[in-house]
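Okay, structure first, notes after.
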């Protein structure tokens, strides 16, 4: 019995490692950082994310498979690495505004952020369903914790518990799906699944059901109706910075994995699942938007809005093909930017200890904090899909993909939904600019990092809105990689 | 040179209007009257050039350049000076100048002196554009322009509610006719590709066959405009109310000039009307009926200006009667004579009102001849002219119309005309007797210091009285007087079909009409001078008739009930019920439905984990079910 | 012959599983769950997955259930009323219907299975030749190295998370 | 009762256990027991993996089960921590009473 | 050629945009500087547009000053600007009214001047972009993007119900335009299917072989978007609310420019892109236009609020424009374009005037006024000219447009032209009744006695408009000549489409569809889908009749 240790190709791990090491370093470093300098945790996190971004950019165009295809390094993965790193970066920045100096366990907080980023990266680059599952669990466990991070607050506890119970429940289905696919094909490695199916064998119900169960798992993560119900509660109860992270990151990760699995491994199932997702997309968009209409809590409203946006992305998924997938990628970036921007603005607008949770809290801010409010308005317009913003371009691309694939009905429902959504996004602006505050609040110190996050997101939102071609090009390259 | 005719009052209007506030009153008067006299001078100049041309070629045109051109359609700022335009321009600028002069005195006390003169000048300009235009569209510019001036001048004393609503009424009633004209014009564009008179009249016989429906409708559309502007049935209702304006305005606009624009339009369009005998018939009948109808109302009115106003309507009816029976020249002749004597009557009435500080009710007058000699004399001349007593102007022109009517075979219409003549004699002299003769019923405070108007008012009276007495001779002998020889070539040859009756019967007919008028005068004399109680007795004897006349056959009330109020209430109902509730309601309804759907769906989000689990389960089961059993 | 082993184990597994979800005392539930774990462990043995069977007992019955019991005792939670007495019975009925359908769907899927997955190289003979545990070990450090490493991070996250959350 | 137990027997058993777990999640109100039901589901899946592993002559299934166990352990640890934290604030772990966040 | 004159069109768009950024950097308290700066920028933009006007070549039918740059190449969209005889008048209208509106906002804004002026400049930029964009996506970006500043203008600086009004405005507009976006995309794909090239270039798309069936749907989507913007009956109810609540400048630009975008959209996009569908829809839209003319006028009569009255009058006036556009002949279309400008001037001026008395009396209720002519003579004069322009007095601008529209329409639908002429009467009714109640009569309210007449700034706002009203009224050819070539080309595109002979109703019927057409469509309907049947009630497919 001899154990030959394999040659390990480290390259696929290269962009992930800085994040993993960063997470560990923060965990350890926190012990040594003096009490007044806890933001060193954040800075360390930023550094590791920056490194990851750097590596990802350098590796653009390289294609590698690690042992047993567990990880795949390709443009698709790198695209998402960049997205996750960016999301994480912005999250860290806005967390710096959200957590004050006295918040305990900052080291744990930032390391968990990094670990969940790691989980996302694994989901996006996993070449094996097991890796995707493990990435999902890494992400989820870290997020459960982060949701309950304000452990003294009942809402935070409740969010964490709900998230955990439902998340575990859903991952049970997901895992079952993996098991059935394993049974049907004899492997969990995506390439082999694809090869197995490419032989022209007809796929029995086992595989179909397995795929369906995977869909449930992804549906849960992207908060698609009817697997969405945890979303508003968790997003409301979780700390605001975490909500931002979840909204922007989780969804992207889930869609990344989804595309890898369904477009790359199970393309032959397209006919079955596109019909299913058609329905999911419609339900998701419609419910998200309709319920968001009647929300008064900004976080909750954005939570429902995130559900609706998941629906739009699902439209692109249904549309499929190169355009559809490109649309997914493009939209996810736009979506991440505008949501993070909005949350960063919420955080940057808040005073210490008093979050602006309710719509009414925003009264009169438009002219008291003009720059931030203007950015907030920009994000809202972008979320509503009004040009010239990223949100508009995203929708344009998604709906054009839908039309290209002759899903006219879906596109019509989609745009009508986006009209409905305009109402509640604009309502926040109405309150900021068009109503008078109940009482003057004392001016509060600004959090420079959060403001920086707002600024970056705003620039990104406008940049993509005005000149989307570059990002589209990147997304298309990524998709081309996936098709191989 | 032709363009200078309307331009000079236009410039005057602008100068007075924009700078009048800072000008002295005398300068305002000088500029305004100067502009008017320039217009008259230029008209005379053009006229002189015109008569120097041979009779058949008496026409010249001038264009200031294109106005609207779109596709194959184009219209220019072109003017035309032919005998018809010449007569109109002369009448307008001549009578206009006199009334300008008259206004110097009449309006002397008014605080909006410059506004008045500015508008008066503007009116003159627009009226001259109307009569000088060489195409229908430019005519329409003047047509609407004079309407605007009329509107603003009726409402000159806009603080009086009656004046304000009279102005609005005038504009709106006219607008109905104008819309018809617009339709007529756009139709002409389609038919002839142009609105230029010469082209239209050249193309018309080819494009529209004689007596065709199209020709009838087209000419009737134009005539509809004319009934508005010239206050014929059924659109006459604005004119009596228009008396709310200052009296010089009534004289100029609502008697001498503007109201005759309709007559001018029909006369100008004679070649079109010739193609549509039915239309001509209608014109004649409308004219004849209006003449009698208005005269009948005038019999009992007590407001001095209103009587004259109804008289105007009635006389305009004569003109249309003339046009309708093809006696275009006679119609225009009557237009000219009427301009003189009706302006005279109004100015004289104005002089009375001026002297009585605004009193207009005949029942409060009487015996004014003693204090207002010149006024009374000139009024008498006007009344005689209006009543058609030989040899005053009205006799010649009216007689000619009646003769043509009879000669063209319209016996019944002739009867109407003759009856009207009797009525005319009656109401004119009723007016004269009530105002100037008999016993004074004046407010004693007024009667103490009655005095004649200033020279600026008296001079026009005298001049107009002279005119009223004499212009009729231009039309002597009937049908071949200098007037007709001058105007004749303008109208189509067929227009003279009525001239075939024997001259002998002409004299008989003229005598008959004259007798009718005299009878009317005599009755007026008896009723109002000899037996002052008689009218009341008569009124008591025929209460229905009397009230019908007094209340003008309740036509205003009818229009109010049948047209104005339904439209108003329809508008109100549309606005509140339909627009706000139905249309906007459904818009808002959709919105609130969406919102309510959100509220309902929201309740699904109970906060309970089991519910959420159930939801996931539903998803799983349906999804797997689809995949297993369907997909 | 296998049936003789399989049937009782399956019966136990089902019975204990049902107990877990119907018993009202959390403690009994936990103990029933331990029973299920043991039954499954037996089934794993039957399936010639000796290593997994052992780990099942050690991790689940040993570690996880201890945690559960610990928490149950720590929190001293009471009994809950039986499900069929609760207000939201319609929902439960719906749930049961759905679950019946779910089972049906799974059964159909499984029943109509045409086993067509790629056969791997590890037949029982091969496995027995190398040894189940050795084989698993070797695979963990070669083919499954990366998932294995990820698992370590998961555990780390769980530890950190548990610490953060359960701190006072 | 002769011969080998077919794969389907294991799969059906596993499905049944999975469904029982689902029922548990649905009907129980005690967060702990819901948790146990979830563990039941995971175990059921494990059985499927091992059964497939056996019948496909592939070791992958067994190794995956190992990972699943690790994940389950992690989940339990975290879950119990959350339950404790919640209990501290609320004195209850009945999910029916946990509905501060709703609508 | 003028094409070499540099990126003047981009400059037109960018100048106000950069101006807005510049203003954002100025300290908010320096209001007078901000106002002047905004006016200067806007005025400069106007001068630029005058250069465009001066260098515009009337003989060229196609686009001039074209600028093209790659933009979103992956979906075939490019940055493409150009101006022709159809957009030129509207461009000028926009650049003219913008500084006027800014000048009018020197007072009466009530705070937050900086934000206001920024919005005004952004709005200007967006409006110009709408009229210049020749790429469908680019057009849409401007079309919707322009909602943002307008949304703020109404919502922040508006009246008491501003929030309701502004949300209604934005939602209504968006509801209409999103479907248009889809239609644009679908059009591009259809075009790609036929030609293999994915493009949003309007000029390339025109004349593309779009199947009749598809044209109908696409046209309907475009038409809905534009009809809401126009607004055509029955999509008009956002307008009165928006107008009543908007600040003066907002109303001016809303009525003056924004509404024209709808009618412009029909001319620029809906008609040439889908000529056969346009022909098929023509009876329906003409009917709606006529209904709008009469309905708007009737409802105007019943209004007590000056702004509401003017708003409904816009519905009526825009009905004329729509009627003209769908008559599809040279006179009518030119009249419509001219009428767009006219309406912009006269209604813009009306809103300015209403704003001026509102600033003095803080009410717009007609009943509150009366006899204002006495105290406000200059105001009265301006008001009179504008009123007369609005009711189409010959010699002023409104008449020329209306007359051309009627003349053109009459060739096609006699009945519609006659009904529209009734609209002329009604227009006089509501305007003059309003005039009578506001300007004439006695002064009943003591507050009205002390009102001051128009000041120098106010005259500076109104006099240019009045001069334009007169200039266009007396010399419309300057504008008409520049339209000729482009409009002819447009009509050629409409008529030149395969099988595009419009089903002109026989002369006698005049209304709607000839009965034979109805029968045709009904007999055909068995083979069509339900939507098609519904549509079939309104038109007959031209090709099937011969």
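As written, the chain order gives the labels A, B, C, D and E, with residue 1 at the start of each chain.
Criterion: contacts are C-beta pairs under 8 Å (C-beta built on N, C-alpha and C of every residue); 3 or more make two chains touch, one makes a residue touch a chain.
Given the structure is predicted, the values throughout are model-derived calculations rather than measurements.
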Item to check | Set of chains adjacent to chain B and to chain E | outcome: A
Checklist entry - Going by the contact rule set out at the top, which chains touch both chain A and chain C? => result B, D
Next on the checklist: Report the chain whose CA-based centre is farthest from the CA-based centre of chain C.
Outcome noted: B
Checklist outcome for this item: Reported most central chain by Cα centroids is E
Item to check | Remotest chain, chain A as reference, centres from CA atoms | outcome: B
Checklist entry - Centre to centre, by mean C-alpha position, how many angstrom separate chain B and chain D? => result 97
Item to check | Interchain centroid distance [CA atoms averaged], chain B/chain C, Å | outcome: 102
Next on the checklist: So the centre of each chain is just the mean of its C-alpha atoms; given that, what is the distance between chain C and chain D in Å?
Outcome noted: 6
Checklist outcome for this item: Whole-Å distance, C-alpha centre of chain A to that of chain D, is 26
Item to check | Residue list for chain A, restricted to those that touch at least two other chains | outcome: 130, 134, 137, 141, 144-145, 148, 151, 160, 162, 165, 169, 180, 182-183, 186-187, 205, 208-209, 232-233, 295, 423
Checklist entry - Which residues belonging to chain E are in contact with no fewer than two other chains? => result 171
Next on the checklist: Multi-chain contacts only, two chains or more: what residues does chain B have there?
Outcome noted: 591, 602, 605, 607, 609-611, 613-614, 617-618, 620, 624, 628
Item to check | Pairs of chains satisfying the touch condition | outcome: A-B, A-C, A-D, A-E, B-C, B-D, B-E, C-D
Item to check | In the complex with chain E, residue positions of chain A that touch it | outcome: 366-367, 370, 381, 386-388, 392-393, 396-397, 399-400, 403-404, 408, 411-412, 415-416, 418-419, 422-423, 426-427, 429-430, 433-435, 467-469, 472-473, 476
Item to check | Touch list for chain A against partner chain B, complex | outcome: 162, 165-166, 169-170, 173, 205, 208-209, 211-213, 215-216, 219-220, 225-230, 232-233, 271-272, 275-276, 287, 289-295, 420, 423
Checklist outcome for this item: As the complex stands, chain D meets chain C at residues 1-5, 7-13, 15-24, 26-30, 32-33, 35-37, 39-40, 43, 46-47, 50-60, 62-63, 65-67, 69-78, 80-85, 87-88, 92-94
Checklist outcome for this item: The residues of chain B that touch chain D in their complex are 602-603, 605-610, 613-614, 617
Next on the checklist: List the residues on chain B that touch chain A in their complex, please.
Outcome noted: 591, 594-595, 597-599, 601-602, 604-605, 607, 609, 611-613, 615-616, 618-620, 623-624, 626-628, 631
